[in-house]
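Each chain gets a letter, A, B and C, in the order it is written, and its residues are counted from 1.
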């Protein structure tokens, strides 16, 4: 395989990986702060995809711009979800939380199946065939745009968590829950914000994803697992880890998909997960538990 | 004969020396108390003996065999039973089932283990609670359950971590009586961490005082109570009357 | 949170002779059902017994020992493919091939157990580990040509009058009794295990591993035993799967949806109890069938209606009766099932 071709494959993985990273960031925030195993993560991502799909079909709205209102909608959704559904389950045994979210996932997934059917739906972006040439690289305009968008959102989130009072409060909850409560932080409300943020990331990532993948309900479980793989490999509790993990997995998928077969790419991600769980469970950038 | 020997055992946690070259030995059949202010390293010491932690240096010997570095279950098999400072009964199992887990260590036949468990229930006055879930018990009963469960493993040495804490005076007397009986009838060696001096004075043949992880004093209870350093660091001058 | 939620340690074993007689009676009744039941009813019951059986296998590992595996489809798949391939290519009777399937399942379980328990991978991380193995298997088998690949593996059927037990080739009647026997045996096993030495050890680990260790329990050994047992039992379900449906697809056999499917009955019925998986299976399977029938009646018939139904039921259960139905029944009718 020529260097040029290899580079193109890597860049393709990189761009996908940035969107994966954004999606995983949502999970990292939810899993890391609220400590809920969100097994419905992929389902929400696909809902985001369909939302962007519908907006495009109805108004011709570019999915990348649609990501913004979708993110806002999903923030609200996450907030409500946490308050009503997830809150009662905090502190309950892990398998109960798990069943809760599996049932939510089952409902969402099957509702999507009922509404849209199992077939993949593409969207026809006006600039779908545009690309830029940089040396040996051929970069699709769509991919470039979603990379920028994903990166921008991620950086905005970093800034939020680093520099705002609410963001710092949320980080405090993740670090030391009792301490946070003791100093008077409204933990329940912060949890709700966290789930809102988490789902906003997922929704936005879904909207961006539709520019490169045909949307279908069956993508959902795969995305859930992908998000978990990325979060664990990147390191729980590390926002940059989610980004790095996302890119790593994106590139890994692209390269292995090319070297072997596209249908085999998930296998390598899972093998990577097994390795990380065994030898470095805190992930690449997480702290030792 | 000397049953348990702790020799120059040290444990550090990232710069904090929790246990500092502590040495002592416990004779078979005696009741030995470990006292000291909070944070003195007493529970850490127990965890080291029971195998939940490994010492950074030093040795721990039980009946002549070194046990430091062994797993907790291996050490339990060799004859050390322990209770935890914050009691840890198996919440969704009955009192009887809790004891069964202990008695099954020495008797793999369930019928025999059943009889042994019932015998201990009787002895510790928990028969009436037999079918209750551990999570349904009051604190004093939970403490007795914790002791009973450790006893069910037929230990040579019983490590009791603040088993009197939270008990009212009558309950304390009750527990003291139980422990005395166990020690007298079965010859079980008892090492107890205690803050309740009344229990220490009533039970212990010898007392060890820890402060900042280091051994401050060792001797009979009446000697310890008069020891200046012990008074300064822990007991307070009121004890002199 | 309401305090009454504290689960009584009900073992689903009502400890008296009456319970044993009741169980034998139930078995006898079920044994003669084929005399007057329709083919359709038989097929539904086969599903019930199947899910009760595989639910028990998972129940031993999760309900008794508290080890969450979400990749049990892996063992179903191995237990399906290996005997099927042995029969197809080497004409090995499935009654012998089942042991090869079991062996493979136990081998893989040993690897998973060793990785998880040696390296302290617990809780949701362990669950993800199990999923990872199952997914790797799915993709791998998808690309193995002699296993049929994604096109699938097909087991030819003999003529209808030549039913053969050795080849596990028979209609619903044969599999009715096979699955009934498996489910009954598994339920009896769980009831016995709960009060056995191993059951006590596993339950202690489930409750509090550190306290269990302080009582002399070797955590690694005990956990390995339970994962091996669970895997071996689950692989037999795979055998039934393969020879009853007579076709296998990696996407079907190893899929995470399969793993999730088999845990629903024990959870709804009552995790950690002997009757839980049975009750769960008896409730869920007919409900599933009813959902399909209703949606067809209403003209909806969209793929997914059954899934939404199941999801809602699961959601309702986890909110209202998180311990499952059997513990609730025990409480409500004060069924005495403790020593």
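Keep in mind that, in the parts below, a residue touches a chain if its C-beta (ideal position, glycine included) is under 8 Å from a C-beta of that chain, and two chains touch if they have at least 3 such contacts.
Just so it is clear, the model here is predicted, and its values are computed rather than measured.
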Co-neighbours of chain C and chain B - touch as defined: none
Longest centre-to-centre distance from chain C, chain (CA-based): B
Two chains sharing the most contacts, counting C-beta pairs only: A-C
Centrality ranking, top chain (CA atoms only): C
Distance between chain centroids, defined by C-alpha means - chain B, chain C (Å): 43
Whole-Å separation of chain centres (CA-atom averages), chain A against chain C: 32
Chain centre separation in whole Å, for chain B relative to chain A (CA means): 50
Junction residues of chain A - those touching two or more other chains: none
Residues of chain A that touch chain C when the two form their complex: 37, 88, 92, 94-96, 98-100, 102-107, 109-114, 117-118, 217, 221, 225, 228-229, 232, 261, 263-264, 266-267, 270-271, 273-274, 277-279, 281
Of chain C, residues touching chain B in the complex: 6-9, 195-197, 200-201, 203-204, 207-208, 210-219, 338-339
Complex contact set, residues of chain B against chain C: 50, 52, 71-74, 76-77, 81-82, 84, 88-94, 96-97, 100-102, 104-105, 108, 110, 113, 130-131, 133, 135-136, 149-150, 152-153
In the complex with chain A, residue positions of chain C that touch it: 1, 62, 68, 115, 119-121, 123-125, 127-129, 131-133, 135-136, 139-140, 142-143, 150, 256-257, 260, 267, 271, 300, 302-308, 310-312, 314-315, 318-319, 322
